[in-house]
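Look for chain A in each of the two complexes below; its partner is chain B in the first and chain C in the second.
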Partner chain A sequence: MKTIYLDNGATTKICPAAEAAIKEANEKFFANPASIHHAGIEASKRLERARKTIANTLGASPEEIIFTSGGTESNNLAIKGLSFQNPSKKHIIASKIEHDCVLNSCKWLEERGYEITFLDVDKEGFVNLQQLQNAIRPDTLLVSIIHGNNEIGTLQNLQKIYEICKKKKAIFHTDACQSFTKAPLSAKMADMITINAHKMHGPKGIGALYIRKGIQLTPLAHGGGHQQGIRSGTQNVAAAAGFEAAIKEAQKQKKQIKNMQNLRDYFIKSALKIPNSTLNGAEGNSRLANNINISFAGVEGESVAALLDMEGICCSTGSACASKSLDPSHVIMAISNNSHERAHGSIRFTLSASNTKKEIDFTLRALAQAVKKLRKISPLKR
Partner chain B sequence: MYNKKVISRFKKPKFAGEIKNADAVGEVGNLKCGDIMRVYIKVKEGKISQIKFKTYGCVAAIASSDILCELAKGKTLEEAQKITGRDVLKEVGEVPALKVHCSILAQNALKKAIEEYKKKSQ
Partner chain C sequence: MKTIYLDNGATTKICPAAEAAIKEANEKFFANPASIHHAGIEASKRLERARKTIANTLGASPEEIIFTSGGTESNNLAIKGLSFQNPSKKHIIASKIEHDCVLNSCKWLEERGYEITFLDVDKEGFVNLQQLQNAIRPDTLLVSIIHGNNEIGTLQNLQKIYEICKKKKAIFHTDACQSFTKAPLSAKMADMITINAHKMHGPKGIGALYIRKGIQLTPLAHGGGHQQGIRSGTQNVAAAAGFEAAIKEAQKQKKQIKNMQNLRDYFIKSALKIPNSTLNGAEGNSRLANNINISFAGVEGESVAALLDMEGICCSTGSACASKSLDPSHVIMAISNNSHERAHGSIRFTLSASNTKKEIDFTLRALAQAVKKLRKISPLKR
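Let's turn to the complex of A and B:
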C-alpha cells in the first residue's frame, strides 16, 4: 500500500539538503562550539552561519536568535522567561486557540498567581482586535498570539496586533511554527517569535526564539552560560545546520507555496461537496497554504481517519477520541460556539509541496466513501 | 493502536444497521462525550432473535457495539441483561486504556432496550 502523507502539520519529512547538511556537520563540525581549540572554532563558525541565516530570514540580527530544542521550548522560554524576569507584572493575554504548549505555560502561571485573559476568536478563528485593545492593562506583561493556527490554518494579522501591543506597551510574542517559510513573517511583526525546523522539512528537536534586542528573559535552563546565558547547553551544530539548509531550500521554492494553495483550495472545494460539511478556519491568503480542516456532521473523526489510514492516507482529527485527554479540540470548540459535533467530526489534512493532484483525488474519493459509510451506521440523522 | 479483531470488526461490522420494526430500542451516550450507541432488538419466545446497532463514535466504540450484538444474539433476555462491560472487553481484546470507556458503553444500550421491551410487554 502506498502512503499518502497528509499530516505535514504534525511533522514533515526531512529534505535531502537538510540531511546532507547534518551529515556534513556531524563529520566536519562535531567539536563543541564552545571549545577554544581550532576544531571548536570551526564548529562555532558553522553554528553561527546557521544563526545568521535564520536572523536574515526574519530581518533580525544574530544576537537576537536563540536556538532551542523546538517550538515547545521556545514558547515556554518566551512566556515563562519573560514572566520570571518581570515579577511585578502579572497579567498575560493569549488567544483561545493557542497550541497546547502556550496554553499550558499560561495555565501553569495562572496556578501561580498570574491572571490570564484568553481572547475569543470569531468563527474563522481571528482574534477580536477590539477585545485585545480593551484587555491590555498597565500590568499586562505579555500578549502571546499564534500566527498560523496548527489546526484550522487561520493566519492572524500580526501587524495589527503588534501595533496595538506597542501602543499599549505590552510585549508581543507569536508562535510561528506553522507559518514560518509558508507565510510572510519578519522581526517587524513581533517582539518575540517562535519557530521550529521539523514543520518545514528540517530536523526534529531544534527550534529558535527570536528575542528583540533589549528584552530580558530569565533562563529556564541554567548551566554553562551558552547563548548569552539565556539557554545553556552544548549547542547542536548539526541540527542547526539542517535547520538552515531547510530554510534555504524553502526560499528556493517560493513558487511551490502558490501550487500548494491551489491544491489546498481544490481539496477544500471538492470536499465541501460532501453534504453537511463545514470548512474550519479562514480562506485565501489568511489561511496557511497547506492546511485543510473540515467537519462532517454525524460522524466521528477518529473513525474517518482510521478508514482513511486503511487506504494509506495519513491525516489527523480534532475529535476527543483521538486526544490523550479525551477533550475535543479547543480550537474547533472556540470557533464553533462549543459545538462538540463540529470538533468530534473534524478532519485535518496538511499538505507538503510534494503532494500531487492524483494523491488528492484519491484522498477525496476515500474521504467521501468513509463519511458515507460511517453516516450509514450513525444514529445521528444528518 | 488497535488489535486485528477490533480493526476488522470496525471495517466490516456484522450487525450494523437498524431493524425497521424493532420490538425495542435502547440508546446511550451523548455528543459531548463523542459516543452515541443505539441498539435495536427483536424478541421471539423470550430470546433475542435479531439485533442491530447504530453507533456514532470511534473505532473502539463501533467494534465493541458489533461484538456486543454477537454476544447477545440468541440469548434469553435474562442472559443478555447480564452481559457486562467486562464480557465485551474480553471478546474485544486489548484496547488502549483511554478506549476502555467507549468499549463498555454498548451493553448499556442493550440493557435499556431490554428494559423497554419488558415495560412494553407488561
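Let's turn to the complex of A and C:
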C-alpha cells in the first residue's frame, strides 16, 4: 500500500538539497568550528555562511541568530532565558493556543512564582488585541504568541501585536516553526523568533532563535561559551548547512506556496461537503498554506485517523507532540467555547509541496467513508 | 597539502556506517515518532531500536536512556535537572578538571545559592578519593566527575568513586563523552552517565544521558512530553540511528583500541625525547587510548599548533571549546600546581583509528622542528 503523507505539520521529509549539503559538510567541514586549525576555520566559515543565509532570510544580522537543537529548545531558551536574566519582572503573557513547549515553559515558571496571563482567542483563533493591550503591565517581561498555529493554522497579525508590545514596553517573542518559509516573516515583526528546520524539509535536530541585538538571555546550556555564550555545545555544521539548503530550496519554490494554498482550499471546500463538519481556524492568507483542520460532529478524530491510516493516509488529530495524550486539544477548546465534541472530533491534514490532487481526491473519498462509517456506529446519532 | 587530522578529541569524522544509517532513516523513517499513524509507528520503532542498543552497551534499560542534543546538554540536564528537582540539597561536588559545561553549570548554580566543592587532582589528574569522601555532606546532592578527561586523557576509577558516593548517599554523575567506546564503561559505574556521538564517529547534534531508574530530573526543555517528559522536542530518529551505527562500528573494531594505544604510546615516547618536555596526564590503561598531551617548556602551545597547522597537521592546545580563549588551561593548572608555563606550553593530539604510523612520524618530525624553532626565538631561554 502506498503511503499518502499528510502530516507535514508534525515533520517533513528532508529534501535532496539538504541531504546533499549535509553530505558535503560531513566530508569537507567535519572539524569542530571552535578549533583554531585550518580544518576548524573552514568548518567555522561554512557554519557562518549558513547563519548568514538564515539571518538574511529574516532581515537580521548573523550575530542575532543562535542555533539550537530545534523549536522546543528555542522556545524554552526565549522564555526561560529571558526570565532567568530579568528576575525583577515576573509577569508573562501568552495565548491559550500556544504549542506545548511554550505553555509548559510558562507553567513551569508559574510554579516558580511567575504570573502568566493566557490570552483568549476568537472563533478563528486570533488573539484578542484589546485584551493583549490591557494585559501588559509594568512588570510584564514577555509576550509570547505563536505565529502560525500548529493545529488550526491561524496566522496571527504579528505587526499589530508587536506594535502593541513596543508601545507598552514588553518584549515580544513568536514561535514561527510552522510558518517559517510558508508565510511572510521578518525580524521587523518580533524581538525574538523561533524557527526550525524539520518542519520545512530540513534536517531534524536543528533550529534557531532570532534574538534582537540588545536582548540578554541567560543560557540554558552552559559550557564552552559557543555562540556568544548564549548556547554552548559543539556546533552542528552539517545540520546548519542542511537547514540553509532547505531554506534556499523553499525560496526557489515560492510558487509552490500558492499551489499548496489552492490544494488546501480545494481540500477544505470538498471536505466541508460532509454533513455536520466545521473548519477549525482562519481562511485565505490568514491560514498556514498547508493546514487543514476540520471537526466532524459525532465522531472521534482519532478513529477517523485510524481508519485513514488503514488506507495508507498519514494525518493527525492535532499536534504530533500531544498525539499520544487523551486530553482534548487545548487549541480547539479555545476557539470553540470549550466544545469537547469539536475538540475530540477534529482531524488535521498538513500538506507538503509534493502532495498531488490525486492523493487529495483519494483522501477525500476515504475521509467521507470513514466519517459515514463511524457515525453509523456512534452513540451520538446525527 | 594533505591534512593530518589529530584533533579527534574535538570532534571526529562521521563513519560510513553512521552515514548509511542516517540515509536509510531519512528515507524510511522520516515521520515524527510521536505520530500515531503507521509511518510514525515505524519511526518510533527505529528510534527505540537505537535506544535499546545504547542501553545494552551500558547494561542499562532503554527507559534509562534519554536522547539529548549532545554532551553539553546532557551534562546541563544532569546537574541542573537534578538541582531543580531537589531544591532542599544545595551542595554539589565536582573535580577541578571538569569540562567547561560541568564547571559552568556548577558556577551558575553557585550564583543561585548553591555551594560547590571543586576537588583537587594529583599530578596525573586523579581525583583525591579521601578528599571526596570527606567532602560529601548530608546536604550533598550530586558528585559530578569526568571519566576520561578531555584535555589530558586521565581516566578516573569510576568504581571507587561510585562506591564512596553510594556509601555516603550522594548521586554520582560522570561525563563520559571522551571515553565512551574507548574505555570500559557501564551503568554499574555511576547513577548518571553523559555520552555523545560526535566524539566517536557518530553524527553531531545527538547525545544521551543515562539516568538510573528512580532518579527524577526536572526537564530543561519543557514541551510535548517526549521521552517521559524529561526531554521534550521532536526526536531525531536519523541521528539516533547514526549514533547506534557508530557504536556498533566501534564494538566491531575493539582491536583498534589496542592499536590506538600503541600508536599513542609510540607518539608519547618519541615526543618526550624533545628536551624539557612533560607528559600531562596518566599512562597506560588509565589514559584515553587516543590522547597525547605534552607541555614544552619555554614555548606557547598555540604557537606550536600554528606551526604544525602550516604543515597540514590539526591538533589543539586543550579543549576545542575553550580554544579561542587566552586563559591558561584549568586542567593543566590543576595538575601542575598552577604552573602557567606548563599550561600555556601544552599541546594535545587526539588520534582516531584511521591515523597511521606514517602520519605520526611526519607529525613527530614537524613537532620537534616547531619546538626548536620557537625556543630559538623565545624570551625564556632554555
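We adopt the following convention: the second predicted complex is superposed on the first by the 374 of 382 C-alpha atoms of A that agree within 3 Å, B and C clash if a C-alpha of one lies under 4 Å from a C-alpha of the other, contacts with A are read in each partner's own complex, and residues count from 1 in each chain.
Keep this in mind: a contact is a pair of C-beta atoms (placed from the backbone, for glycine too) under 8 Å apart; a residue touches a chain by one contact, two chains touch by 3 or more.
No experiment lies behind these values; they were computed from the predicted model shown.
Asks: Answer with first, second, both or neither: which of chain B and chain C does A:N157 touch in the superposed model?
Replies: Touch partners of A:N157: none, neither chain B nor chain C.
Asks: On the A-aligned overlay, A:L326 touches which partner chain: chain B = first, chain C = second, or both, or neither?
Replies: first
Asks: On chain A, which partner touches more residues: chain B or chain C?
Replies: C
Asks: Examine A:E302 and indicate which partner it touches, taking first as chain B and second as chain C; both and neither are also allowed.
Replies: After superposing on A, A:E302 lies in contact with both chain B and chain C.
Asks: Can A:N32 be said to touch chain B (first), chain C (second), both, or neither?
Replies: Touch status of A:N32: second partner only.
Asks: Return first, second, both or neither, reflecting whether A:Q133 touches chain B, chain C, both chains, or no partner chain.
Replies: It touches nothing on chain B or chain C.
Asks: Touching A:G223, do we find chain B (first), chain C (second), both, or neither?
Replies: A:G223: touches chain C, not chain B.
Asks: Name the contact category of A:T72: first (chain B only), second (chain C only), both, or neither.
Replies: After superposing on A, A:T72 lies in contact with chain C but is clear of chain B.
Asks: Is A:I377 contacted by the first partner chain B, the second partner chain C, both or neither?
Replies: Only chain B; A:I377 stays clear of chain C.
Asks: Touching chain B and also chain C: which chain A residues?
Replies: 302, 306, 319-322, 324
Asks: State the interface residues of chain A toward chain B in the complex, per the touch definition above.
Replies: Within the complex, chain A touches chain B at residues 298-300, 302-303, 306-307, 310, 319-322, 324, 326, 328, 340-341, 344, 376-380.
Asks: What part of chain C is in contact with chain A in the complex they form?
Replies: Residues in contact with chain A: 3, 5, 7, 10-14, 19, 23, 26, 30-32, 34-40, 68-73, 75-76, 99-101, 104-105, 107-108, 198, 203-206, 218, 220-226, 232-239, 302, 305-306, 308-309, 312-317, 319-325.
Asks: Under the touch definition given earlier, write down the residues of chain B that touch chain A in their complex.
Replies: 2, 7, 10-11, 13, 16-17, 27, 31-38, 53-62, 98-99, 102
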